[in-house]
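Mind having a look at this structure? Questions to follow.
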Amino acid sequence: MSDVERILRRAVLEITPGSIVNLGIGLPTKVMHYLPDDFDVQIHSENGILGAWKQAEPESMDPFLIDASGAYVSLREGASLFDSAVSFAMIRRARVDLTMIGAFEVDAHGNLANWKIPGRFSPGIGGAMELAQKTKRIVVLTTHTDKHGRPKILETCRLPLTAKACVSRIISELAVIDVTNRGLVVREKLADISDADLQAKTEAALIFAIESGEEQHGE
Amino acid sequence: MKKNRTLESAIASIPSGAVIMVGGFGNPGTPFSLINELLRQGQTNLTLIKNDANEASHGVSRLIENGQVRKLITTHIGLNKNVIDRFNQGEIEVAFHPQGILAEKIRTAGAGSFGFLTDIGIHSEITRPDDLLDWQGKTYKVEMALRADFALIHAAQADWLGNLVYQGSAINFSPLMAMAADHVIVETPDLGAPGRFSPEQVHTPGAFVDSVVQLESLTSDYGILEHHVRR
Amino acid sequence: MSDVERILRRAVLEITPGSIVNLGIGLPTKVMHYLPDDFDVQIHSENGILGAWKQAEPESMDPFLIDASGAYVSLREGASLFDSAVSFAMIRRARVDLTMIGAFEVDAHGNLANWKIPGRFSPGIGGAMELAQKTKRIVVLTTHTDKHGRPKILETCRLPLTAKACVSRIISELAVIDVTNRGLVVREKLADISDADLQAKTEAALIFAIESGEEQHGE
Amino acid sequence: MKKNRTLESAIASIPSGAVIMVGGFGNPGTPFSLINELLRQGQTNLTLIKNDANEASHGVSRLIENGQVRKLITTHIGLNKNVIDRFNQGEIEVAFHPQGILAEKIRTAGAGSFGFLTDIGIHSEITRPDDLLDWQGKTYKVEMALRADFALIHAAQADWLGNLVYQGSAINFSPLMAMAADHVIVETPDLGAPGRFSPEQVHTPGAFVDSVVQLESLTSDYGILEHHVRR
């Protein structure tokens, strides 16, 4: 199982039946394809969809129906379509229960940086700032380190923030980590990585509190 | 009163230097035919307001690549390398807003108001001290309304009075822009007589629309984009 | 012909074909019934209608379709229905071409008072303030004097204003009067009232400028 | 997730002292059955937000006549002598707003914003000096957002997810209130399974709705009112 697949499979378990979920551009949008076809969830896409669903076959694809990442999607029964003001009203009024979002950096205070790398990458803000600031629960999906092996889970973010103290949980290919008042608490980790090795790949200090009987990450 | 216009005459009403809102989020809702006519007529020094810059060599990206655009007010241009390059080279001014804030700024102008109080981004680098207002014991960010001289809109269906119905995810910014611009130009492949819509189901009432252009066909931009098909 | 009927018949001539018109509660709503059935106009009602039309026969009346005065209405082909925020956006964005409105008082500066008589009548503001302040053209329909014979067209309004300098024209049962930079200009008047008699019923000074060949009021 | 509730249990969630938005302009859109149940259950000290006070002895007027309402936030109560009398006798507090401003204050809360800048009534007695803001060289009136604990809404049709469709002039304040209240209770004579609506034609997306009550029939209030029939 690839790192990405491991993250996505674990991410599926975050979704409470009956909830409204926004899947951010990048890794999170891929979560949809790991959901059972009859799973009771309404996927919100900030371009004006509640009830987005998996892409149809090419012959029945609708060129007027995409998600916020540009990918063609289909609709579930009971879906609704609306303008961008209503879509973000839904976000700002906290009617979206859960947002899964990508990160450049996330830190021990739950701060999130995912929109700008000064001097190198500044394509704009998109919908991330409002989703991060206003959704009831934010779960970050990220590889534990960047492509150079540097930690992405920091003591304090260095990049410009998307939103402060917004993240509830971080899911990487190695662990599931909660942001708490005490700091970052590891709830699950891969069976074949030691606490010391996980800490070595993480800039922020980790508190290990893996409950027995709790589902082990990556199974 | 019939609002039907030819493609050429509708776009000819736009002068160089105009501020123009353009509907659409990605492809859906982008008025490709109106944009292509603006490319052909060659008005310059334009300010465009659009969620994104379309994909490279499509839609508003063509106007930018052709040097007709002075400034772009948008939320995200990450999918368009051509526009990113022009921005990085300083050939075009770009102002970024959070997506819902851009929508709300436009909607505020469309409602005939002048600004609104928010907390979005209030602790981020997009907020300057000048944007902050202490009011009745709390601190807000003031976001000012964003209006335009023209709006270019794609509707799935329309009638001669300018009543519009949108389709799929093509609604996005269009109803907001139709309210916020002084002169609203609509393209549609399906224009008919008043009475065709259930009155409750009109998305944009004709009062907000000035000109309607009937398209003989959609541009090829509205084909399926292979790179957005999942494999 | 009654005074009211004379006002309403003259009011019809104010409506430009193809325009969008709001008819205020009271006298103005009655204008609709004097319009030819095929007249090209869209009647805006601030409770969320563009394209309201004359009441249907009782057997086909729709209990879910009223105008802002509460009267049942019908819809013309091409009508649209929308929420109150959109309805007032239409007003504030000056997409309504003409509002006909009633008055307690109107004055030589085009000020309008029609919502409150302190200590005696204060039922609320309704939609009048926005219509008066934002419609492109305001025509007041009013009897020339109140039921006690006192002038309603004043030098300066004494009641709380609905909006300042908003009125373009006043139509009474006696005359058609324009609000201009020079003051109130009488454009038409009943053939059987003298200038002096009309002035006597009007507090504000009147300028008489009735053009020959112009339609005489009340014909 | 099914949002179906019984009339009794839906209204039982409302405590005394609650701030409640009530849809409807005149009769159309007034949730008479929800109001009548609130009358029966007898919660008191309520703050109601509604365009008007309905007609005497109908709708919210019954709650006011029964002494359950402390304050009414509205635009016009001129058609209701009973409520005018109670207001004049100081038995109920009434706050008046221009109609479009009331709509916009509710819509502002519904959009998750905190206030907006306007010029409506800026030179009238409804504006106090404290309401005025000098900002970037101009003077505006600040209107603050108006939220509620509950909204009571009448929809022509609904589905189990809370998607709503309105009818006729019954749209009015309902979509705005559904966005602005923390808990939204809907009555409808026509409740069905998801999939019954064209997705573009849903007026209020289910995300804004918490409880849906299916009515066996409309109350007699929804008959034709003879005094509004032209003779």
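Per-chain numbering from 1; labels A, B, C and D assigned in written order.
Just so we're on the same page, contacts are C-beta pairs under 8 Å (C-beta built on N, C-alpha and C of every residue); 3 or more make two chains touch, one makes a residue touch a chain.
Everything numeric in this text was worked out from a predicted model, so none of it was measured.
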item	value
Which of B-C and A-B has more C-beta pairs touching across its chains	A-B
Euclidean distance of C-alpha centroids - chain A vs chain D, Å	37
Averaged-CA centre spacing for the pair chain D and chain C, given as whole angstrom	29
Contacts with two or more other chains, residues of chain D listed in rising order	104, 107, 111-113, 119, 167-168, 171, 200
Sequence positions of chain A contacting 2 or more other chains	81-82, 85, 88-89, 91-92, 134
Category of the chain touch graph - line, ring, star, complete, other	other
Every chain pair meeting the contact rule	A-B, A-D, B-C, B-D, C-D
In the complex with chain D, residue positions of chain B that touch it	104, 107-108, 111-119, 133, 135-136, 138, 140, 142, 144, 165-168, 171, 200-201, 203
Contacting residues of chain A [partner chain D, same complex]	17-18, 20, 40, 42, 44, 50-51, 75-82, 85-86, 88-96, 134
In the complex with chain A, residue positions of chain D that touch it	1, 110-113, 159-161, 163, 179, 193-195, 197, 199-200, 202, 205-208
Complex interface listing, chain A residues touching chain B	33, 45-49, 55, 58, 61-68, 70-72, 81-85, 87-89, 91-92, 122-130, 133-134, 160-164
Complex contacts: residues of chain D adjacent to chain C	25-29, 51, 74-79, 84, 94, 96-104, 106-107, 119-121, 123-126, 156, 167-176, 222-225, 228-230
